[in-house]
Every structure is written in structure tokens, then in C-alpha cells.
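There are two complexes below, and they share subunit A, which is joined by subunit B in the first and by subunit C in the second.
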Partner chain A sequence: MDIFVQQLVNSLSVASVTILIGIGITLIFGLAGIVNFAHGEFLMVGGMATWFMVGAGMNFFVALVLAGLLVGALGFAAERCLFRFTLNRPMNGFIMSIGLSVILQHAVIRVFNEFQKSITDPVGLVWTIGGVDIIAMRAIVVAVTAVIVAITYFGISRSRYGMALRASVSDRDTAELMGIPVRRYVTGVFIYGSLLAGIGGALMISLFPITPFTGSVIIIRGFAVSLIGGLGNVGGAVVGGLVLGLVDGLSAGYGYPEWTDAYSLVVMILILVLRPQGLLGGTLGRKAS
Partner chain B sequence: MRQLGLGLTMAAAGLAMALQTARADEELPIGVIAAQSGSFVSAGNTIVGAANLAAQQINDAGGIKVGDKTYKIKLYIRDNRTDVNVSIAAARELVNDIGVKAIWGTETHDFSVSMAKITGPAKVLQFSGNSSLGAVLDDKAVAEGGWLHYTFQSEPQEWQRSGSTAKGVLSLLTPQLKSPPKHSVVFVGNDATGQYLSSHYVKALEAEGQKVDLVQYPPDTTDFSPLLTRIKGMKPDIVHFWYNGDSTLTAFPQALKLGVAPSYFLFGVDPGIYQERSLKADVPVTMSCVPVCWGSSPYPEVKQYFDKYFGLGAAKGPQSSVSLLYYDYFFWYAKALEKVGKIDDPDAVVAELLKSDYKGVVSPVPLVFNKHHQVTFATEVCMVEPNTSDKFKCAVEQPPAAPPPGDNGG
Partner chain C sequence: MPMTDNSAGKTGATPEGVRARDRLALLTADNAAVPLPAGVQAITAILLAVLLIALPWLGLGYRFLSIAITTLYTAIGLYGLGLQFGQAGIMSVGHAALMGVGAYASAILSVQLGLGFWTSLPFAMALSAIVGGVIGLPTLRVGGQHYIIITFCFCALFVIVLTNGGTFTGSATGLDVGSVTPLPGINFDKLSNNYYLVLAALFLALAATYLIGISRYGRTLRAIRENEQLARSVGINVDLHKLGVLMVSGLFAGLAGVLQLYYLRHISPTLFGAFPSLYLALMVMLGGARYLYGPLIGAVVVNFLPEVLNLDPVDSRIAYGVCLLLVILLLPGGVGAGIKNICCAIRGGSETQVGGSNGRA
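And now, the complex of A and B:
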């Protein structure tokens, strides 16, 4: 029983990082219509920046905020210089983002080197409760994710900005006629999604080492999470992340361990076959139906 | 005046051509194929680093005297971008267009085998540091006319490495544990190399009396906690993190936090990296390097080598020691060329390499190729004292004389 509960606890923290990248993708892809395959590299840059700042003596939590801001700025630059020119041609943007991901990988190798980077656990505590080991930093990652999810959810569903954004997705032309600066909103969404990737990278390096190639692995899971939940749906990304996290944790614990990645992708395929719009529905769902 | 000018121009052109020819005669083109980008870059860069250092040292020492000529090594380094197709294209270019006499590389079995299908028919020597080549280097393949006649494995056979490693790990850990270890879990990446290497290591541990469970993880895993929790439930005496140093460095701290086992073995993690990362465990931890650790050198020659290697700008990483799978063979090849007296007789060079030996940096005992073109040398295993990052006790274990029961040696 201890082992089973331990697996559930493990799954939560991993699901958190996946949820963060999933929210970024679901906002950028689902609301702004940009397929940014370099989003995983944005996360990696956030992690590398955190490693650099912590290595220079900065407090981890300060570095986390700065990494988010840095990657947000990177997102702003990418949107202004690259993706704004591809809004009407998403395939161009997709291919461009693949190129950007390779460039970012090798820029990081050039600036630092190719080896994996890690930081000392910023908290360094393990709580043992009823035979279950709870790593304090993992609990913090879950808490930070919960706060970000709440802010994002209420921002999208309740604020004027969120309403305008959803109106832009439903009918862009009408939204523009009503005075909504759609282009500026797209830029804002891109920056916010990138900022979340930066924070995700900082949280990730507090748990696991990262390499310049970490982003290319995590991006697949990010897209899986956003599609499972429903593109553009923040709640959907949370559900998608939890589903994948639990499937990963329990399959690694009780299934064929070498197939761990396959189990979650099989679940993704099944969900998309049975519910093409995702579990909670999203912007793509409405168009598909 | 015009005729004088023309004559001088022709004379200058003739002199330039003669100088050019003389310079070309003195160049020994050698290819290096290694990942300088892509996911194998940390291993690939070590091959390039070793090649640059060896070529510089040979050239600075006056070059290679072959017959009445002196040759300077000119390296043609190609980035395989961690892509087998790029490796093949690079091998074709080096062999067919540039005409290299030998190729060093590359990081992984599949790529090296693909390259050998190009170097073999062209009679270009190939030095590859993949222990998994043992699966294909047999009597027929290395015979004259065989497709691997010109290929040499610069790393010991896997059953030898596994055997000496298992022996070293158990001999260092047993006195540290309350009771002799009986149950080992081998934790390994589920790719072609991981499957091949672990098949030998499991047999080697079983030969040492261990009950062994094998747990494989998908390559590129970063969160090992679910799998480690599963292993914890198996109640092992030792968890052996096998094969991929980078993955091990990710998984090991997670294992410590979850308290998975009373002792660990980290394959491919150098004591230097353990120290640099300030890793600490409250239980005994052993580690070994491929082939010799830079962070705790057993021999003065190894320390001098790594001082020079890092002095050239190579990064300190878990795989830096892999460079020693490539370095010595430049000097051995040069020695063979000098003995043969020609650079255009690859059959004679192969024969000379097979009958000669070379005392290199990687081993205090001279290196010798066996009939399957494979070398043998010992493995260094180190143990770090609990709750320290820099107090190591190291032992050099000789390989067993024969493969363990159930291991066909290939």
C-alpha cells in the first residue's frame, strides 16, 4: 500500500511540470493559433537560466521569477520577429518553430556546453508520512502549479482580457470590428505561455537535471496534454496532465516499465479517437464539430 | 623584359607546385566521425578531443617517419549530427573524396557498423570504441576479405568489462554492508546498447552469486521516481545504474531521496563529476568509468593525459574518459605505419597491428589486439565514503579469463 501511495504522490509532481507546459501550449496553439514546437526549448532555456543564476549565488525562488521573465521576453521576441508573420500560414510557423528549436539547442550548447545541468535541491527536505516519502521540493512544485493554474483559469474565464480573448478565438473579424486589438492579444498570450515555460523550466531543474535536448522530449508530452484536455482549455490541460501523470506513474510501477512512454501515448490516442475535441472540449473541438 | 617576367612567373609557379606537392606528400589524412551536435554530443566531443590532442602531439614530435618521408597527420573531422545517415555520408566523403587512410569513430554500435560497410571494401582502417562490436567481430568477418578485416574495437569485450566491473563492485561494497549482498537490481535504458550491455552484466553478476532483476527504462526518461519506487518494493541490496552516465546522474539523486537501496553502483559516472556536483549519500556508493576515471586517476600517465586533454579546452563531463578509448590508437597506428614503411598498404598495417603491442595511457599493461581485433584492459572501480563527495577508494580489477556461464561472449 505504501508503494502504491508513493506512486500516486510521485505522479502529482511530474504531472505539475507537464501541466505547466501543457497550459502554455494550449494557450498559444488553442487561442493564438500558433504551433510553436520550440516551446519545449523555451522551457529548457528557463531551466538553463535558473541553473546559471543559482550557480552564481542567487536564491532559487528569485531565479525562478527571473527565468520566467527572461523566457517571456524571449517569447515576445520570437512572436514579434517570427511568428507574427505566419499567423495566416500556420504550417510556415510550425516549420519555423522546428528550426527555432534546433537553433536554441545549439545556442545553449555554444554558450554553456552539451552536458546536463542540475542544481542542488533548493529545499532539501523529505517528509516521511505513514511510510510515504514526500520530497518537499516536489510539494512546492505542485503548489506553485496550482497557484498558476488558478490565476490562468480565472484570468481566461472571468477577466475582461479573458473574455476579449475568447471572443477573438470565436470570431476574429467581429472581435476586431468591436475594437478588440486581436494582434496585441495574440502577442500577450504568446508572452504569457512563454513565461509559464520559463517557470516550468525552473521548477523542472529543481527536480531533475536538464540537457540542451530536454525540450524536444517534453514538447511531445506538452502537446499530448493540451490535446487530451482540449485545445485552449486551461482546465483541460490540468486534467490532461493529471491523466498522463497518473498513467505514467502507475504503468511504471505496475506495468512493463520499458513501455512507460507508450502507455500514456496509447491513452492519448484512445481519448482523441473517442473524443476528438479533448476531454473538456476546446477551440479545436468547436471547429471539429 | 617581358620574357624575363614570364620566366620568373613560371619559375615561381613551378616552385609553388613543387612545394605544394612536397607538402601533400607529407600529409597523412585521417578521418574522425563523431557527434558534435545532437543527443550523442557529450560522447562525440570526447572523440574529437582525443584526436586533436593525439594529432597535435604526434605532429609536434616531428610527425610519422614512414620510409624516407615524414608525414604529419591532417585530421578531417566530420559531425555525424547523431544521425546514422549523416555518419554514412561522412564516411563516404572521407573515404571516396578525401582518401583518408583511417577513420576514428563513432559513439555507437549501429553507426560504427554502418561505417564499417564503407571502410571495409575501401580498405580503410577503422577504430571504434564500441564494446558491442563483439557481436559482429567473428572469425569470418575479420578474415582477409571479410567486411570487418579493417575494423578494430578499441574497447574490451563486454563480457570482460562486465566481469571485472561486477567483481570490483561487489568486492568494494560487501565489507560495507551488514550482510553480504545477494539481490541486485540492474537499472538500464531500454535501447540497443543498453540491452546488449546489460545482458552481459546480468550474467556477470549472476556468476558472482547474485539474484538479479533487470528493470529497463525508456530512453530520455527524466523522472525516474515511479520506477525507483517499484525497485524499492523489490528490496534490493544493490541497485546498479547501468550504461548511460547522464541518465544515472538524473536517477541517482532521486533514488537517494526515496531511499531505494542500502547501496548503489553508478556505471559511467566519474569520481570527478561526483565531486564537482557535490553528490553525497548516506550509504556506500561505487562507480566506474569508461575506461579509466579522470577524477581519480590510478596511474600518473592518466593524470597527465587528462591535464593535457582538458588543457585543450575539452569540457569535464561524465563521458570525458571515453576519449581514452581513442587516444592511444593514434600512436599505435603511427607505430605500425613506421614499421610497415608504407602508408598505402592497409593489409600490412592490419597484420602489423595484430602482431604488435602498444603501451598506452589507458593501461599499464601493453595493449594487444586479439584475433577478433579487440583489446583487453582492466576496469577501475571506485567507492566514495558515505556522506562525502571526495573521499574515494579505488581498485583496478582485471577481466575474467572466460565469459561466465550462459554468456556466449559475443
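And now, the complex of A and C:
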């Protein structure tokens, strides 16, 4: 039982990172209508930036915020310079994001190197609660994710900005006529999603080492999460992240660990074929006008 | 928006797109509705053929010839991708996996049953075509970005299956094969003979692409690409044609995969994973999928550019990425479209596209 609880906390902290990237993708894909294949690289860049700043003697939590801002700025630049030109040709945007991911991956290799990087546990505490050892950093990761999920969920579903955003997804022209600056919202969503990727990267490197190739692995899980949950559906992304984390945990413990990656791929193909709008319903992405 | 006079194509761009492209309107205009005069086409084809045939005799060295072989078998695979993307509008970022199916089929036949190059080739190509069709089944339900993600998943799955396949697929280390069974008087161990073998296959691929482009079949595919509902309503069996073109694309991929196998003599899963697939997509976008020589141009640029500029692998990959971004932003039709437009500017005519068409994918 103790081991089970410990496993649960550990899986939850890993699932947190997956949820963060899943939310970023679900917002950018579902609400801004951009398939950003470089999103995993954004996360990796966030992790690498954190590694660099912590290595330079900075406090981890300051580095986490800075990494989030840095990747948010990266997202802003990418949206302004690249994706805004392809909003009406999502296919071209998608191909372009592949190019961007190749560039980012190899730019990181060029600046640092291709070996894995890690930081020491920034908190270094272990709490013992009822005989269960819980690594404090893992609990913090889960807590940070929970806060972000709450902010995002209520921001999308309750605030007037979220309402305007959803309006512009369901009918772009009418939303524009109502005075909603749709283009600015697209940019805003893209920056917010990128910011989450940056924070996700910082949290990830506090849990386990990452390499410049981590992004291209995690992006698939991110897409799987957002598609399970339904595009643009924040709550769905959380459910998707937990389901995927659970499946991974179970398959690692009881199934065939070498096939772990295959499960999320098969799940994704099936969902894409059978329910392209996602299991729990979503927006199906912005319609090309 | 300034368009060249014979532009049958509406670019379908909204104001943002127009502004972005206006700056290079001349280069980016999509104006190849009318094919070039037959004479010009023939001269281009003959010049190209002569150049390619004469290549081993130019004394450019072993390394150059090796890269040339790599370029050519890649181009064969690209012609399949060019066909499905350029003509039917179905993009894939898992095409290397399809080449891998051909290569692995041939290698397994060689290891398990002792079949040589020539006998395993038809089986490998047929299997690639079948797999291409099976992977294509989702296109009947979903399109665009969703299908691209599916192809990427298939590609990643294929690598996992190969890696976990034990001795049958050689796991992560892969499989080895012997050399191509010699034909009477021709020994394919010699690099230049191997080159001619690949070149012959490339000519086949080129001829097939050309014939499909000018045929009724090609026109049907383009009709599906431009407007699926309309095509369906005039009685075209859209589903069958989509699967059909993906199977033809699989045939090309299988041929390319077997040629790759017998050139390298050793294959491993990483050759057919996500990265090679992405580079195939890059090459076909770079060259221009809709132009007869587009895929070849893409393969030549991507394979020879690092060599010419003397880049290390990391730098060259950054360069590929930058090229891809520039091509999509400035030349959505690929380098092929750029060359055609320059020709148009000079001749006031229009270069050859695979068949005539308008719009863009």
C-alpha cells in the first residue's frame, strides 16, 4: 500500500508535466487553430534555460518564472514571424512548425551539446506522511500544475476574455463584428500556451534529466492528451493527462515496458480516426475561413 | 494582387496572405496552368537525362557518387510522396516508414528465405503498396492535419515494432544483406553500376509521374484535391482513388526502400523513423510537389547543400529548418515553382507542371 501511494504521487508529478504540455497544445490547436509541432521543443527550451540559470547560481523558482517568460517571448516571436502568415493555410503552418522544431532542437545542441542535463533537487526535502515518503519537489510540481489548471480553466470558461475567445472560435466573422480583436486573441493564446510549455520544461528538469531530443518525444504525448480530452477543452486535457499517466504507470509495472510508447500512439490513432474532435468533445479546431 | 496573365489559379488567399506574398508576387505567383510546348519539355528531359547518365564519368570522386546515389533513391521515394501530396493533396510525415516497409520486407526475405534483390523486389513493393493503402484508410474519415498526425504516429509505431521485433527484424541493430545479384556482364558491386541501377529506377519513377500527371487519372486526382465534395457529386469514386494513389505512392516507396537497402547493405530502425520522415516532407515541400522535377530538386538541394557549404550535421539541420520556413513563407509552391516563375518572366510563357492545375495544396 505504501509503495502504491508513493507510486501514485510519483505518477501524478510526471502526469503534471504531461498535463501542462497538453493544455498548451489543446489551447493552441483548439482555440488558435495552429498545430504547433515545435511545442515540445518549447518545453525543452524552457528546461534547458532553467538548467542554465540554475547552473549560473540562480534560485530555481526565479529561474522557473524566467523560463516561462522566455518561452512565452519565443512563442510571441514565432507567432508574429511565422504562424500569422499561415492562419488560413493550417497545413503550411504545420509543416513550418516541423521546421521550427528541427531548428530549435539543433540550435540547443549547437549552444550547449546533445548530452542529457539535470539539476539537483531544488528543495531537497522528503516529507514522511503516515509512513509514506513524499519528495517535496514532486508535491510542489503537482501543486503548481493544479494552480495553473485552475487559472486556465476559469479564465477560459468564466472570464469575459475566455468568452470572447470561445466566441471567436465558433464564429470568427461575427466575433470580429462584435468588436473582438480576434487576431490579438490568437496571438495571446499562442503566447499563453508557450508560457505553460516553458514552465512545464522547468518543472520537468526538476524531476528528471532532459536531452535536446526530449521535446520530440513529449510532443506525441501532448497531442495524445489534448486529443483524448477534446481540442480546446482544458478539463479534458487534465483527464487525458491522468489517463495517459495511469496507462503508462500500469504498463510499466504490469505489462510490457518496451511497448509503453506504443500505447499512447495507438490510442491517438484510434481517437483521431473514430472521434477526431476528441473523446470528451471539443472545438475540432478553428475552421479555416 | 498582381498575377501573371495566364494564371488560371485563384490563390484563395485572404488579405493577410496577399500582403505577405505581394512583396515577391512575381516569384510566388502560381501560374502554371498551361504546360510548356512539347519541344521545350523534351529538351529539358533530354538534357537532364544526359547529365545524369554522364555523371559517373565526370570524375567527381567516390564520395560525390555516393551522395548522388543517396539523392536518387530518396528522390524515388519523394516521387511517391509528391504524387499523393501534389496531385491528390494528401500529405504524410511518415513516408520513411513506408520506405522502411519495403527495405525490411526485402531484407527479411533475404535473411529468412535467401531471396535476392530481383526476386524480393516485387514482393517488397507489393507489401509497401498494401501497407500504404492500410495506413491510408483513415483518410476516408479525416483529412488535413489530423491525417498528418496519424501518419506520424504510424511512423513512430513502425520503429517501435522493428526495435521490439527480436531476431526477425534484427531489433535495434538491424539486418544485413548481400550485394545485388549480378546480371549477365554487370556487377553491381561497382559503385557506378549501382548508380545506374538507381538511375534506371528514377527514370521509371519520373516517367510514371509524368504519365499520371497528363492522364485522365491525374486529372481525377487533382479534382479530388481541389474539391472533394464536387468530385464526389460528379460521380468520381473518391475513396477508391485516395486509397489507389496512396498505394501507388507505396509502390514508389517500396522501390526506393529496396534500393536503399542494397546500397547501404545494412538497415536499422532509425533510418526509417521520425527524423528521416520529416526530412522527406521537407524535401518535397522544398522542391515543390506539383512540379515534375520538384521532388528531384528537393532531394538534390537537401543532400548536396551540406556538402557544398561544408556544414557539419548540426548546422546543416538548422539550415534545412531555415530553408523550410523561408520556402513556405516566400515560395509556397516550392523551388520548382520559383524556377518556373523565373522561366515565365523570361519567356512570358509557363513552365511544366505535372499536368495543369490551379490553386495550391
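Assume the second predicted complex is superposed on the first by the 263 of 289 C-alpha atoms of A that agree within 3 Å, B and C clash if a C-alpha of one lies under 4 Å from a C-alpha of the other, contacts with A are read in each partner's own complex, and residues count from 1 in each chain.
Just so we're on the same page, contacts are C-beta pairs under 8 Å (C-beta built on N, C-alpha and C of every residue); 3 or more make two chains touch, one makes a residue touch a chain.
Note that the structure is a prediction, hence the values are computed from the model and not measured.
When the two complexes are overlaid on their common chain A, residue A:258 makes contact with subunit B and with subunit C alike.
In the superposition on chain A, A:106 contacts both subunit B and subunit C.
Contact with subunit B, but none with subunit C, is seen for A:6 once the two complexes are overlaid on the shared chain. Contacts of A:223 after superposition: subunit C is touched, whereas subunit B is not reached.
Contacts of subunit A with subunit B, set against its contacts with subunit C after fitting on chain A, overlap at residues 106, 109, 258-259, 261. Listing the residues of subunit C that touch subunit A in their complex gives 13-14, 16-17, 20, 91, 93, 137-138, 141-142, 144-146, 148-150, 152-154, 156-157, 160-161, 163-164, 274, 278, 281-282, 285, 314-315, 317-318, 320-325, 328-329, 332, 360-361.
If you check the complex, the residues on subunit A that touch subunit C are 35, 82, 84-92, 94-96, 98-103, 105-107, 109-110, 216, 220, 223, 258-259, 261-262, 265-266, 268-269, 272-273, 276, 285, 289. In the complex of the two chains, the subunit A residues touching subunit B come out as 3, 6-7, 10-11, 13-14, 106, 109, 113-116, 118, 120-121, 126, 133, 135, 204, 207-211, 213-214, 217, 248-254, 257-261.
Chain contact summary for the complex, subunit B toward subunit A: residues 37-39, 41-42, 45, 190, 215-218, 220-223, 225-227, 229-230, 232-233, 246, 249-250, 253-254, 257-259, 277-278, 315, 317-318.
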